[in-house]
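What follows is a short report on a single structure.
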Amino acid sequence: MKAAEFDYARAADLDDVFRLLDGAQGEAKIIAGGQTLVPLLVMRLARPTLVVDINGIAELSGIAADETGVTFGAATRQIDALEAAGVARHAPLLKKALALVGHPQTRNRGTIGGSLANADPAAEIGLIARTLDAEIEARSSAGGRQIAADAFFTGAMSTVLSAEECLTKVRFPVWPGRVGTGFEEMSNRRSDFALVAVACQVAIDKAGVCTRIALGVGGAEPVPVRASDAEKRLIGTRLESADINAALNTLAETLDPLSDVHASADYRRRVAVHLAARTIASARDEARA
Amino acid sequence: MAEAKFRYIATKRRPKEDRRFLAGAAQFVADINLQGMLHAALVASPYSFARIKSIDAKVALALPGVHAVVTGAELAAATEPMMSGLDAPKLFRWPMAHQMARYAGEWVAVVVADTRAIAEDAAELVEVDYEPLTPVTDPEAALDPASPAIHPEHGSNILFRKKWTWGPVAEDFAGADRRLAFRARWHRSSTVPIETFGVVASWDHARQLLDVWASIQMPKYPDQLARALRLPGNGVRVHFDVDVGGSYGVKRGLKHSILAGFLARKLDAPVRLIEDRLDNMRGGDAQGPDRIFDMEVAFTNAGVIRALKIRALDDCGAHAGRAPLQLGKPVGAICGPYRVNSVEYEAISVTTNKTPQEAVRGFGQAPTNFALENAVDRVASALGMDRIALRRLNLIRADEFPYTIPSGSAYDSGDYHAVLDKALAAGPYDALIVRRDAARAAGKLAGIGVVTCLEPSGGNSSFEPLFNPKNDTTTWMEACSIKVDAAGSITVSMNTTSSGQGHETLASTVVGEVLERDPETIRVVRADSLSALPSNSPVGSRMAIMLGGAAAGAAKKIKETAAAIAAKKLGVAPAEIDYADGVFSVRGEPGKKLTWQAVCETAHRRFHELPDGMEPGLQAFHVLEVPTGGTLPTADGRVQMYPCYSFESHVVYAEVDRVTGQVTLGRYVVGHDCGTMINPDIVHGMTYGGVAHGIGAALYERFRYDDQGQLLSGTFMDYLIPSSHEVPDIAIVDHCTPSPLTAFGQKGSGEAGYLGGPAAISCAVNDALAPLGIFLAELPMTPGLLGDLIATKQK
Amino acid sequence: MSSHAITVTINGRVYRATVPARMTLVDFLRDELRLTGTHVGCEHGVCGACSIMFEGRPIRSCLMFAAQADGASITTVEGLAPEPGGLSVLQDSFWETHALQCGYCTPGMLIAAHALLMRIPNPTDEEIREAISGNLCRCTGYKQIVDAVKLAAERLSGKNQNG
């Protein structure tokens, strides 16, 4: 398990990144934390001619959090995000998910942007990005663009990013008002990738009526998905059990899960509905508290 | 034999070998770095079954840094095929595929290069032309004579099939009040040590000697390696001072070693072949039992189990190796710890296009215990009888030992009821029942598993003649030698590797005990295979019994010799010498004495003071035959399998999530009796680890294949080893019934925990699922399996 | 393939070397520097046997390339003891509870536990289990490892001067 030959370059700044990517005829890979890329390299499942290291680029790491949003430089370590007070305050759903990303040692090295760019179907950070409609910034020598999370993932381990683009930032919008969050995942071992993960954020008014809800499901389909029909049915309710159960019938019908050695599609569908009910309830309770 | 009589044995003592591991200063095989060492990488078959039409290595050989590419055909021409444990002269197996590849991942060619990375680069460039064949992947389909023969010369996919009947099975079944039958499925898993297998071989042409360092745990390894390489036995020198990073049975890389040895000779350079994890999982030939049990039980209305019929069909993969013999060891404990009047046992081993098996902790006993314990629970359930009461009724009583079971093995000693009671008390069982019933009342699926299982120990090899009448091996000895220098320092020499069992602590504790010298001051070294005395390596839970016994035997000889020297110097008969705390004295005249050092110095320097005929120096060795060993099976297949029988009773609480099917283990207690524990921390550690391994086999670990024979769980992302989150806090309750057959009453314990763990967890899960009317005898019980099963019952 | 001159401080000593791009950090430590205390178990980031302290945090050295470590400060198992030839309180506590058998996962386990105790001097059982959850051990069932970390925490905080 030794990687095939490649060239390595440590980029000094973003312009350096773009120059390196442009010069590699689409055969370059960016390395940040390396927690997903290195296994692919040593198993020779990825065979770039050039690996561009973005770890030394100051503007790619850092966290800015305020009442409107939490923005991460792409190379921000997961551990730093997990421990940041601003994340706990303004993006509690992300914090809940980050605690379940890999192991302590992979969180110390793994990055927010790296998890998004590698787009594992079961990755927690991608699920939260999809659930909260995060805005992803990508830049290249041709300029920059903002990509909505719902347009970002194109399949298992694939995104809309071109080989010349570098994911630079991701911004998780903060919802105003009385907000609660819930995150649950089912994995074989606690630290494994989820067979199914469900994230939920709700906002309620003073009467306890749901004014806004985001319900995302990861691990079930090749990309994280939103339970849009269920969301629509839940807005305007008080998120009581009956409301939740009624809404989740549509989730069971619309979800089109994967089947693999670990679990059948039916299993994932049942568990998604089950976890969705729990996350909605806990988000509701948190919002009410 | 009361434990209090021991000075060092059975007391808490820091294991001797731990320090080097903690300092990062151990020597594992991958730490060995020889001048000019070359690196091997393998070309593996992508097909589970294919004819190899041609191999073209031209491009690979042209890569800078590449020294050689060797194909299976070249290797087969230059080496003897590896032996199987069966009388099957037309089953051929070489380290690399020859003419046919029989499983996906089987080695087809090897590349040797300056670095492993270059070797992997070149391995990708070796062009192999395959003709794919239709694989056989279902063990029951392999029974069909019409299934494509994986070894055409052998003529059938059945490697071994034999039925034994011990006692009046037909009469007992006919006369029983009740009968039941069920199928139990133990899917393929293994021990999967964190260190993969590795070997370094170096050929010294000037001395015509092959030096070998390997992460090996294997009986007769040097002999078999020399034989395969067509070298005399003394032409191979295996270095046993290599630390082995876990094995639990599987570290038997004979094929790797033959290949490395061949390459070292061919290239006249040291060659290193270290599996990477992908090599290890797929092509390391180290997967474990894969078994279908068809169980039948005959019993009375009162709950007395009268007779068993067991049919065990094992899918051994593409090559026989020793896998079929893993159906043999359970013959020595075929009815578990229970009084059963008669047993029929049919053992069938078939070949399929999957990775071959290797010996796994317990050598087939853990799957058998799983099937037996589920049978006992099913009997209780059928009768509406308490599972524990049923066990108490059928367990062999303490006053019945030695107890001979229908298949001919005598159990040495035990107090099964006492250990069960201790485990239940430690639960405490009553509280667990309250907890379970409260959980059920709250709508949860909760259950308790209570099992009583045996660990046959002492590592005899009686299954060999049982499964192959042409093999008349009746000894499985172990040796130890001791040297004492002129200053009285003691050096003990053992003759094999260790893979975490603490043998240096074992040997030094035993020798210190006999010689009344502090084990801290005793050094334990390892001979190489040319200077070593006979050993059969640490398999079959045997080293406490066998190395412990051999070390005690050698130490007693040292003590006798030293006492004789002291007697002559003090002018009395040896029988009048007392020895205590390093002082030889004349009985009744404590003033007349000699120190240990003085006697040792005399032995080395003053021949004129030695008793007549005594050799100078102070040294001894002892070669121990297995207690109760030495005999062949009877014509009807009755055999004394292992000498000693350790016993364990597990009590485990489990909850199963109704939707996710996830099993959460709560309280976990093991009552354990392995006789005298030489070092309790070591015994407890192996037991905790055995339970953890059992949790893996019960809930997480499975080598899965698709119907084309492609391995689907070949990485640590999908072969799931329990982490610290999955293993609960385990409580061990000790009990000590000494063995009458061993030096200090010790029995084996290297397989403890694993032999009862999967059984216990499956019984707990079945207790949890019982309210839904589900009985599932299939391991591992993964969330995906349980979740789907529960869903079908709840609809 | 590019090669890279790097300077790395390991266990307080400065090493300079030129490494090929594809050489992982663990292979550099083991094969080039002969610091063989750090082990390789899976090479795909799951088992934790290759854990080292990198810039003060525990990471997997199989998931980095040596070229990426230029300028970094690293501690391996060989550097845990306060003085050459000694054992740290944590290492000694592992010995006291026999928190190892084959010893192969042990260096990684020590690194994980060392990092935990730097961060949380008196961890709960759950915190210990979480900290070592990325380090697979096949021998011990983790029990004596958890005991060792608790014992080390007690000793380091002065609660257990003798044990």
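All chains are identified by letter, namely A, B and C, in their written order; residue positions are counted from 1 within each chain.
Rule of thumb we're sticking to: contacts are C-beta pairs under 8 Å (C-beta built on N, C-alpha and C of every residue); 3 or more make two chains touch, one makes a residue touch a chain.
It should be emphasised that the depicted structure is a prediction, and the values quoted were computed from it without experimental measurement.
A.B. asks: Does the chain-touch network form a line, ring, star, complete graph or other?
C.D. replies: Basically all the chains touch each other, so complete.
A.B. asks: Going by C-alpha centres, which chain would you call the most central?
C.D. replies: Chain closest to the assembly's C-alpha mean: B.
A.B. asks: Identify the chain pair with more contacting C-beta pairs: B-C or A-C.
C.D. replies: Counting C-beta pairs in contact, B-C comes out ahead.
A.B. asks: Between chain A and chain B, what is the separation of their C-alpha centroids in Å?
C.D. replies: Inter-chain centre distance comes to 44 Å.
A.B. asks: Roughly how many whole angstrom separate the Cα centroids of chain A and chain C?
C.D. replies: So the centroids are 30 Å from each other.
A.B. asks: Residue numbers in chain C touching 2 or more other chains?
C.D. replies: Chain C, residues with two or more chain partners: 20, 22, 43-44, 130, 133-134.
A.B. asks: Residues of chain B that touch two or more other chains: which are they?
C.D. replies: Residues 117, 276-277, 717, 723, 725.
A.B. asks: Going by the contact rule already set, what residues in chain A reach two or more other chains?
C.D. replies: Answer for chain A, listing residues that touch two or more other chains: 1-5, 43, 190-191.
A.B. asks: If you look only at chain C, which of its residues touch chain B in the complex?
C.D. replies: These residues of chain C touch chain B: 20, 22-23, 30-31, 34-44, 46-47, 49, 76-78, 80-81, 87, 91-92, 94-98, 100-107, 110, 125, 128-130, 132-146.
A.B. asks: Hey, which residues of chain C end up touching chain A in the complex?
C.D. replies: Those in contact with chain A are residues 1-2, 4, 20-22, 24, 27, 43-45, 48, 51, 54, 57-60, 62-65, 67-68, 70, 112, 115, 130-131, 133-134.
A.B. asks: Which of the residues in chain A end up touching chain C in this complex?
C.D. replies: Touching chain C: residues 1-10, 31, 33-35, 38-39, 41-43, 51, 53, 55, 79, 102-106, 108-109, 190-191 of chain A.
A.B. asks: Applying the document's contact rule, which stretches of chain B touch chain A when the two form their complex?
C.D. replies: Checking each residue of chain B against chain A gives 115-117, 120-121, 124, 276-278, 659-662, 700, 704, 712-713, 717-718, 720, 722-723, 725-726, 782-784, 787-788, 791.
A.B. asks: Give the list of chain A residues in touch with chain B in this complex.
C.D. replies: 1-5, 43-44, 186, 188-193, 195, 261-264, 266-267, 270-271, 274
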